[in-house]
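Note that chain A is present in both complexes that follow, paired respectively with chain B and with chain C.
The block that comes next holds the complex of A and B.
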């Protein structure tokens, strides 16, 4: 049975039994090569679910839709390892209760989508641990190496150029499961902390602020870069921050739901290299 | 016999216009993202693009625009009014849907208030459009009563020659005629056949949609929630739309100096209708999506007798979750039957 058939029948089973009230997955999009998020609530709709290598969006953010989990009922959701990690971060940050979430885990390897064993966030510990080890040995991409080799001044002007294209649509924020604040700091206008204008300073402020807010929380799912209409390589910023927290604190976000957020916790053996 | 411009002469045209002090803009790509930019030669133009990623409206309605400035000193207060920059411009290689979009917004910016920021730029620009011989799956101008060779909003329309070596030239306005007069020695007479325009299928029944939208019964329909369930409320569909025109006025600065700016805004954002009391009349994303559709195909059409959409398809092409107005109007068309 293909992975798609496997999850379709599992969705039917769970919906018929009333175990879950909804399955959040992928369905056909407006063109043959597009997929879109779908919300399945009855067993006969389960055949709309599609799972293949074009399913890239991290769907965990939809779990935070107002009221969705407030009735204590369960929801099933298709997630990759990154997605499961974001689920753990959300649970660690008290945004949801993983006992209400059933995971349809999958991974994309080459030209195939594969199921990952397990159904509860906690079942994926070893898969996440393996991803952490793999990340340590993952080589930097070409552009990242180029950036590292630049002087701070050159790097600054590289990012200034990239950010100059930002149109302040906030698609990066809206697409990010980790951007869960009901009220974002940039939407606070009494007082206005951050310029809303899409000029050089305003764009720098926004993009740097978001990068810092994601430090130690970003799971590198890529939703932000894929959503950005200005094609700004946001993943490079996130990746740099992730490298930093991994090197300094051996912190890999989303290991499990008990993991303390790196910037909101204190350990006696923290390096504290920035404190004189 | 018709007037022709051969591609081989385009570079000289641009040079001629520039010598006359005109700025020349056209579709070009930087950082992988296409938009309208000032160009110095024909080689910088990307005329093969079906459509640029960002729209023409940025040249008339920038993302952010300073309006007023103030500086408070010990003895005096200085204020300054910022005016849109002077300078005549030729915008070459516009697609008919984008040109039509500027005409749609003319109605809005000249309604209860004549917006100088928009019209100073409009009045000093010549729009030279090129009819489309290619379209993609998202193009839908024909559904909005436009066409790949629509002349709406253009000062000059160019029709590509079948041989691919130039265009047939048609002036549509006096402004267009003047722009052509300055390159008259580079234009030729000829009977070269033109290429057929792109085949753009009609995707929905606009009139049926409009009557459904105009029926107050449908304002609270469950349809709105179902169709927009996946919308994440990023504003990119509105920011990339040639006809969306909403803006916010913001003061930036402190007690001593600052600037008042006109910035893009979007009905997709939760803050758009937030009251100071904390109440938000459009509390959900589905209510915001309904506003977007209602505004474009009901309120705007009733008020100005034109839809605030020209079928460029950008809202679908760039939506991170594959939404867009096409699908919604297609669904409304089927609700009719």
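The block that comes next holds the complex of A and C.
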């Protein structure tokens, strides 16, 4: 049985038994290689679920829809390792309760989607630990290498160029499961720290602020870059930040739901190289 | 409409020599919202303050900027002046054009330009200032005294006698501390026990004092007037109420060979014991580590002999939560580990003893009944050598400071020895004699002149055994030659050091300590009994080496500070605290983790039927110290700090 069939029948089973009230998964999109999120609530609809190598979006953010989990009922959701990590971060940040989430875990290897064993976020501990180790040896991509080789000045003008295309649509914010603030600081107009119009300075402020707000939290799912209509490689900023956090504090976000946020925790052996 | 007054201070030459104050005043005069700008030589002077008050009243000012020194210097002065003129003091701000401007710039034009920017940014801030009202917090009129030595007892008694409630916590099984171990005390040679025990009894029986022995302070939270303290009552395995203190159990305990701490290892005690005969409370404890029952599961002899069934092997540590208004820390000292000084042979030769051990030998209640005898064979020593500064004043090996009491107690030891062994000889190796106290110099002179103590100025380099004698080799620096003294007994005036866990305990209390672990006072000269944490005071040798009179004096001083606090019904606290916007808070609890004062609580928001809708963060105004850590943490900018709101900071930045 293919993994798609496996999860379809599992969804049917769970919905018919009333174990979950909804399955959040992928469905066919507007073109053959596009997928869109689907929200299945009855067993007959389970056949709409698709799972293949084009399923890239991290769906965990949909769990945060106001009221979805407030009735204590369970929801099943398709998640990769990154997605499970974001689930853990959200739980650590008190945005949801993992006991309400059933995981349909999968990974994409080459031209195949494979299921990963487990039901609850906590079941994937070893898979996440392996991902953490793997990240340490993961080579930088071409663009990132190019950026690292640049002088700070060149790098700055590179990003200035990229950000100049930003139209402040906030699709990146909408797509990121970690952007859960009830009121985003950029929507605050008293005072208005970040300029709302999309000119160079305001764009720079927005994009850097977003990167900083994700320091130690980004799970590198890539939702932001995929969502950006201006094709800005936003994930590279976050990746750089994640490198720093991993190197300085050995912190890999989303290890488990008890993990303390790196910026609010203090340990006696934290490196303090920035203190003169 | 804002009506701001700007007052530019020359600070004599301090500011005016670099900053063109007239130009600054003119620039401010034309700034929007400024009604009046003036300059003056010293605004902190009486006429200076008067002119500010007058301007407030005459011009109906809505805000005041004093462009002057650092707010640390005179913010309070000017805020008071404003309040006296009827303006809410939090509508007054200081623009620091001295420390951050005139003092650090050499170019006058640049300094003036910067002074204008600094002042302008503060004008923009003050326009957005709100009237703030001081927060009143109640004071719990109950003091916690930590440590039941002479300092702790004195502080407890002083507070209790003035009507204050006291909880006195001692970690040993009895009150008394080191003073109870001493023989006679300098400079009057009265017996330590004789003056100490009545105080111990008084403290134990005082209606205002709750005595907790064999107990340790585990956790301290809260703030001045409102501390929450958790005390661990260690299991004694003896029911305090049932026990009559008859001592049958102590007699019958089969473990008899445990080295007695109170006698500095010169005598033994059983596993169930009271530290010394006059212990208060006079109820034994079981030393779990050495008890046969706890080790082998068999014995219970004490339980069998106890007439009142007071022994209970199932007892467990208990915890007490106390509400406390003020804390006196009187945790005392230890003596330095003498093994640091291998050349003095401590630990290798039984007849090399510490000063504290000598006290036990000389004490009438000690293991020898006050006969000065050698630990090795019980013979009376004919020659005793005293080595001062064993560890003290030695940065390379020991501690750099002077332990303060050793000159005096060594003189006392030499004297006691002369009084008890009439034919004995004593030699004292010293560096210099520090006897600065009432009757102290007279005392040491008496030891030398009347009791024949032979003082040799110089350090001891080596000590070894030869033909049953301890050979002490040192140098006599006054004669400029080496000396060798054959001795029967050697007494080391060991350095006084903080308790081994002092640094950890400082963290529990949230107070500071120095490099050695002595607790830090708020100001060496002017606030010697306060700590930097309001409401926590120090007494005795936990702050620095001290003798009994000094410890007692400081304890009474600490008590007076506590009583001053207790004389008020309410404490005023600065209203600079954080406030959370519950509408935008996402309940991530980042701020809860980040707040160093545990001032943020989780609060449930419910609908009318009581169903939980959301949970948000809520700042406890009593605990918040206004540090702003939470403000910087919150990603959604939900938290704001009164007096430093985002709007104000933004205006300040934009004013630059």
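Here is the rule we go by: the second predicted complex is superposed on the first by the 276 of 276 C-alpha atoms of A that agree within 3 Å, B and C clash if a C-alpha of one lies under 4 Å from a C-alpha of the other, contacts with A are read in each partner's own complex, and residues count from 1 in each chain.
Heads up, the rule we're going with is that a contact is a pair of C-beta atoms (placed from the backbone, for glycine too) under 8 Å apart; a residue touches a chain by one contact, two chains touch by 3 or more.
Treat the numbers as computed from the prediction; the structure is a model and nothing was measured.
Enquirer: Superpose on chain A as described above, then tell me if chain B and chain C fit or clash.
Expert: Aligned through their shared chain, the two binders fit side by side on chain A.
Enquirer: Should A:265 be classified as contacting the first partner (chain B), the second (chain C), both, or neither?
Expert: second
Enquirer: Does chain B (first) or chain C (second) touch A:134, or do both, or does neither?
Expert: In the superposed model, A:134 contacts neither chain B nor chain C.
Enquirer: Which chain, chain B or chain C, ends up touching more residues of chain A in the combined arrangement?
Expert: On the superposition, B touches more of the residues of chain A.
Enquirer: By the touch definition at the top of the document, which applies to A:93: first (chain B), second (chain C), both, or neither?
Expert: second
Enquirer: If we overlay the two complexes on their shared chain A, which of chain B and chain C does A:213 touch? Say first, second, both or neither.
Expert: Only chain C is touched by A:213; chain B is not.
Enquirer: Per the contact definition in the header, classify A:226: touching chain B only (first), chain C only (second), both, or neither.
Expert: first
Enquirer: Which partner does A:42 reach: the first (chain B), the second (chain C), both, or neither?
Expert: Neither partner.
Enquirer: Have a look at where A:191 lands relative to chain B and chain C in the superposition and call it first, second, both or neither.
Expert: A:191: touches chain C, not chain B.
Enquirer: If we overlay the two complexes on their shared chain A, which of chain B and chain C does A:181 touch? Say first, second, both or neither.
Expert: second
Enquirer: Once the two structures sit on chain A together, report how near the CA atoms of chain B get to those of chain C, whole Å.
Expert: 5
Enquirer: Taking the complex as given, what residues does chain A use to touch chain C?
Expert: 93-95, 180-185, 188, 190-191, 193, 213, 260-261, 263-265
Enquirer: Once bound in the complex, which stretches of chain B touch chain A?
Expert: For chain B paired with chain A, touching residues are 30-33, 53-54, 63-64, 137-138, 229-230, 232-236, 239-240, 248, 250, 252, 261, 263-264, 266, 269-271, 284, 316, 318, 320-324, 326-327.
Enquirer: In the complex of these two chains, what residues of chain A are touching chain B?
Expert: Going by the criterion above, the answer is residues 29-31, 34-39, 57, 61-62, 66, 161-162, 165, 167-175, 187, 189, 192, 195-199, 202, 223, 226-227, 229-231.
Enquirer: Which residues of chain C touch chain A in the complex?
Expert: Those in contact with chain A are residues 583-591, 593-594, 615, 633, 635-638, 646-647, 650-651.
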